[in-house]
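One chain, chain A, appears in both complexes that follow, with chain B as partner in the first and chain C in the second.
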Partner chain A sequence: MAITLYDFELSGNCYKLRLLMSILKLRYDIVPVDFYPGRQHKADWFLRLNPFGQLPVLKDDDLTLSDSGAILAYLARKYDDTGLWFPDDPAITAEVLRWHAVADDITSTASAARLALGFFYDFDVAKAQKGAHRIFRLMDEHLWFGEREGRDWLCGPAHPTTADIACFPYVMLSEEGGISRQDYPALRRWTDRVRRIPGFTVMSGVFPAGRALEEA
Partner chain B sequence: MTLSLSDPTWYPIASSEDLPYRHVYQGQLLGRELAVWRADDGNVNVWENRCLHRGVRLSIGINEGGELKCQYHGWRYANRSAGCTYIPAHPADAPARRIQNRTYPVREAYGLIWSSANDQQAFRPFAGAEGHDWFALRPMPVNAAPEDVLAALVGLAPDDQPADLLPGLAVRFGGTYYFVQPVDAGRAVIRGLLRERPADPVAALRHYNELLSKLRDRLERSASRKPAPEPLQPAYDKVSADLATMPDIAIPRGNTVTVVVKRKWTSADGVIGFELAARDGHLPTFQPGAHIDLHLPNGMTRQYSITNGPGELMSYIIGVKQESASKGGSKVLVETVREGDLLSISEPRNNFPLRRDATRTVLIAGGIGITPLLSMARFLDKSALPYELHYFTRAGETTAFRSELEALHGKVIFHTGLPRSEIGTTIAAALGQWSMAQHVYVCGPGPMLETVRATATAQGWPDESIHFEYFKNDKIIDSSSSFDVELARSAMTLHVPSGKSIMEVMREAGLTVPSSCEQGACGTCLTTVIEGEVDHQDVYLNDSEKRANSCMMTCVSRAKSARLVLDI
Partner chain C sequence: MTSIDPTTRDLWQVISATDEVPVGMVETTMLLDVRLALTRDNDGNPVVWRRTDEEQGDEIDPETIMDRLPAITGYGYVWTSLGNPPRELFPIPEYAEADRKNMSCGSIGLAVSAPRAVENFLDMGHFPYVHTDILGAEPHTEVKEYDVEVSEERDEVLATRCRFMQPKAAKSATSAMEVEYVYRVPHPFCSVLYKSCPEDENRRDVIAIFLQPMTEERCRAHLLQSMIDSTSTITDLRRFQQTIFGQDKPILENQYPKRLPLDPRAETPIRADKSAIAYRRWLSQKGITYGVIPMAS
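And then the complex of A and B:
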């Protein structure tokens, strides 16, 4: 087994994979791709790996995969012996995929605002921010009621799944796109919980949460 | 109605449930951003959401249980006081001055956290608050002017139940209360309370959540048709450079604080514990290793280390050795001071600062010397930093603070009743060979201190890695110099000959000079130096304070220059 991640250090979508691989204690190689300012993800060599011209791309031996959500599912299915990260149960699978889709919506809103403000992308910032706030509101409500009902994570099981990994990075980086999380206290508490998952790792702009009381 | 930055009303700013342990909540009231966190002792802190160092939001910091740690450069602030307890860029020094973040008043009641922009008004429960089991609804943030939000809530009143407006942007109908938190000119949070716990809590929460979501959507639609109100412009007091950097000047003796003896107990054979509580509010910030001066009823002053952990500011706990031979210091305390008595103490001082950047920390205590090390162990414990604490006592019964030590998570090793010959080898083994970033802290009887210093040195530990504190000055005072002292305020110049101290000469000239230990250990005679170079011989000032040359102890220290000008 030899895993290679085509990676851009500041990309939240690439970070999703580094995060899960860190949690699953997988060894992998990194091929840095100069997303900004080099736009290497539109270079011919990269388009041959992913014609959609998007990071991340992951190679596992001869297999070439793209789309962070799809890769999260692949890694969990293949390498997570506990079966917890991407559970087999049809209903839970649907629930997880539902949040993978939300994660893509977060990419096209919160991440777009961040790219516009931090990487000079020509996006409609106000529209991107508004879209992110709409999603964060729904997530906060979902997580707030989850706390009342004894659910700590986005999906039903009593443990995190790839849904939490997929949604986490651009929520956590939202301030870089001018999106405050002040109005989303339950969402903020969930980011503490994600940051306390054993094996958690950081990226630029994502800080550790410190220990929980039980483990202190 | 326009919002005022100086509005003294108490508003709810969070639900109790918003503040689990080890979390930092981000709030806002009347335009001011707040970092809100619950310490492990349950106390809720409402602070300005800015680190005094570089203004970074403290709400992204780490709640360590007793201290809040800034995410940027790691400044730590204490529970309750918001006083700075540690500056990683100066790991070997104690923040000598009172660097303190801005705190806001806080009250936790009826399932909500209440605060106000200033402390001009005492907290008063809303009418009818007492005697009910209040049930908090899901808070609903709304992007609309607080007064418009209140008006819309009034409109929710059922026909047969007129809305009852309460002071402070609140309204009630029947057993349903809504409080509007004025976040900013164009933002509010609706905080609802039900007077009774509903039979099906989750169903009730969903019902009200739906109701308030619809109200919010209506309010936001109409707000978006109006020009957005100007946000409030709270003035942030700029932190002065001298507060935001490490001070290098000594502080003169701080104010005294009156405390009440809340508890007096026998902690071990020959060791009496005293709990000294604040009369109201909390006591000043202290750092691990700090001590207080206790002014005894017989006029003497004695130093005692604070044993507390981080953020424990409601009372200081000290341990006092019951020495039969004692000249009347601890004897008075042990024999005549009773629970309920008032005592006067100094603000905490730290001549024994703890580094928190060590890869290995060894704490060695002998007998009553456990007190500062207990505090250090508690701080390291909360931050989950590794340490080994070796506690030497003569017999099991003399082991003070045993249950407190057993509650720690680190490595605590009791060495009880070792023969003298074994103490040395045990210390040698405890220390081991030195390597980078290891530090040892020792407190105990003089011979033990010497053994640790000598052993550590022999095993390669450099001076900077060996930390100890003197409560006694064992150094031989060199009084061979002679010089003049000019007493600026007394308009007097005196000659100090060799063999006499400045203090003695001043007393001979008829001046009253306060003193206690007269060996440069207690700090009672601390005097401000205006001019001249001091020959420090005390053990009270730390090295940076000595280097600053701005104050001295007149009982033992002298002059290197021909003339000293003192502020006396």
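And then the complex of A and C:
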């Protein structure tokens, strides 16, 4: 087995895979792709890997995969012996995929605002920010009621799934898009829980959770 | 409307990496609250003007642009000015050395004033906490005594004998090393850093940050690397620098006030902030008011 990740350090979608592979203790090689300023994800050699011209791409031996949510599911199904990260149960699978779709909506809003402000993409910042706030409000309510019911994660099981990994990065990077999380306390508590998952790793712009809980 | 002090108005200001400006096509940006458009002519020379109804990506014949702002290229970037700029840009002689890998590392937006970003670039105290296991690591947190002077002759702030223990000082570093830094601030919104080169102990890697003040509280950071590194690719070297810069970004954007206070009593410096104190005083003496909170007179 040889896993290769085509990766851009500042991409939250690439980070989703680095994060799950760190948690699952998978070894992998990185091929850096100069997404910015080089736009290598639109270069011929990259389009042969993924005609949609999007990061990340992951190769596992002869298999070439794209789309972060799809790859999260693949990695969990193939390498997570516990079966917890992408559970087999049909209802839970649907729940996880539902949140993978929310993760894509977070990408098209919170991440779009970040790309516009930080990397000068020609996107409508106000519209992207508004869209992100709408999603964050719904997530905050979902997580707040979850805490009341003893549920710590986005989906029903008593442990995190790939849904949490998929939604985490662009929530955590939202301030770079001018989207404050101040009004979403349950969402913030959830980001702290994600950051305390054993095997958690950071990316540039994401800092580890404080040590307070561990030491207490 | 924000007023632009005469010193700032007459400076050369960076606006884009040269090779990211397409020939015959409009790029748009903002400098000192002024909307700008730019392109390159058939010889590759930059053409910069005040934007009216042009949109990003419009095709344009540069010959038709009559009312132009001054424009030059230097260190891989396009520079312009809203006033009467000096004949030349500040010198970085190392850039011309034939065996160096010179590259832009992307222009990144920051929700903070340009002088705040310069000051962060000068600071070593944050290395172990923000660039953990790369530019610093606990318990090696001490910023040792270093020297700062304002060179009258070159009109720049100079910090020398800056030393720091770094786990991975550069892409080319294979082990931890005590690194020596020299910092120059040759322009109110630009800083150039020289650091020990892991590959050749007699030479120094050069990393520069050129800030484009977009508004008083927003800037665009243009990063230049001029490296001695025979093995890494441009993509590798860019990635290393972007990793560092991506770590600085949230810290910088959480600084308040976003403009840099020049009154020495406004914030409490420690010994490690010697270069920042000299920088603030230098800005004050130059009469810079854009992007700062000037000293009450």
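In the analysis below, the second predicted complex is superposed on the first by the 210 of 216 C-alpha atoms of A that agree within 3 Å, B and C clash if a C-alpha of one lies under 4 Å from a C-alpha of the other, contacts with A are read in each partner's own complex, and residues count from 1 in each chain.
Quick note on the criterion: contacts are C-beta pairs under 8 Å (C-beta built on N, C-alpha and C of every residue); 3 or more make two chains touch, one makes a residue touch a chain.
Small disclaimer: the values here were computed from a predicted structure and weren't measured.
Shared-chain residue A:156: touches no atom of chain B or chain C. Contacts of A:120 after superposition on the shared chain: chain C is touched, whereas chain B is not.
By the touch criterion stated above, A:34 is placed in contact with chain C alone, chain B being left untouched. In the superposed model, A:204 makes contact with chain C only, not with chain B. Residues 207 of chain A contact both chain B in one complex and chain C in the other.
The residues of chain A lying in touch with chain B in their complex are 141, 144-145, 147-149, 181-183, 185, 188-189, 192, 207-213, 216. Residues 8-10, 32-34, 36-38, 40, 117-120, 122, 175-176, 178, 203-205, 207 of chain A touch chain C in their complex.
Per the touch definition, chain B reaches chain A in the complex via residues 14, 17-18, 20-23, 25-28, 33, 40, 60, 62-65, 69, 71, 138-139, 141, 189, 201-202, 205-206, 209, 382, 384, 409. Listed in rising order, the residues of chain C touching chain A in the complex are 17, 20, 29, 56-57, 104-111, 220, 234-236, 238-239, 242-247, 249-250, 253-254.
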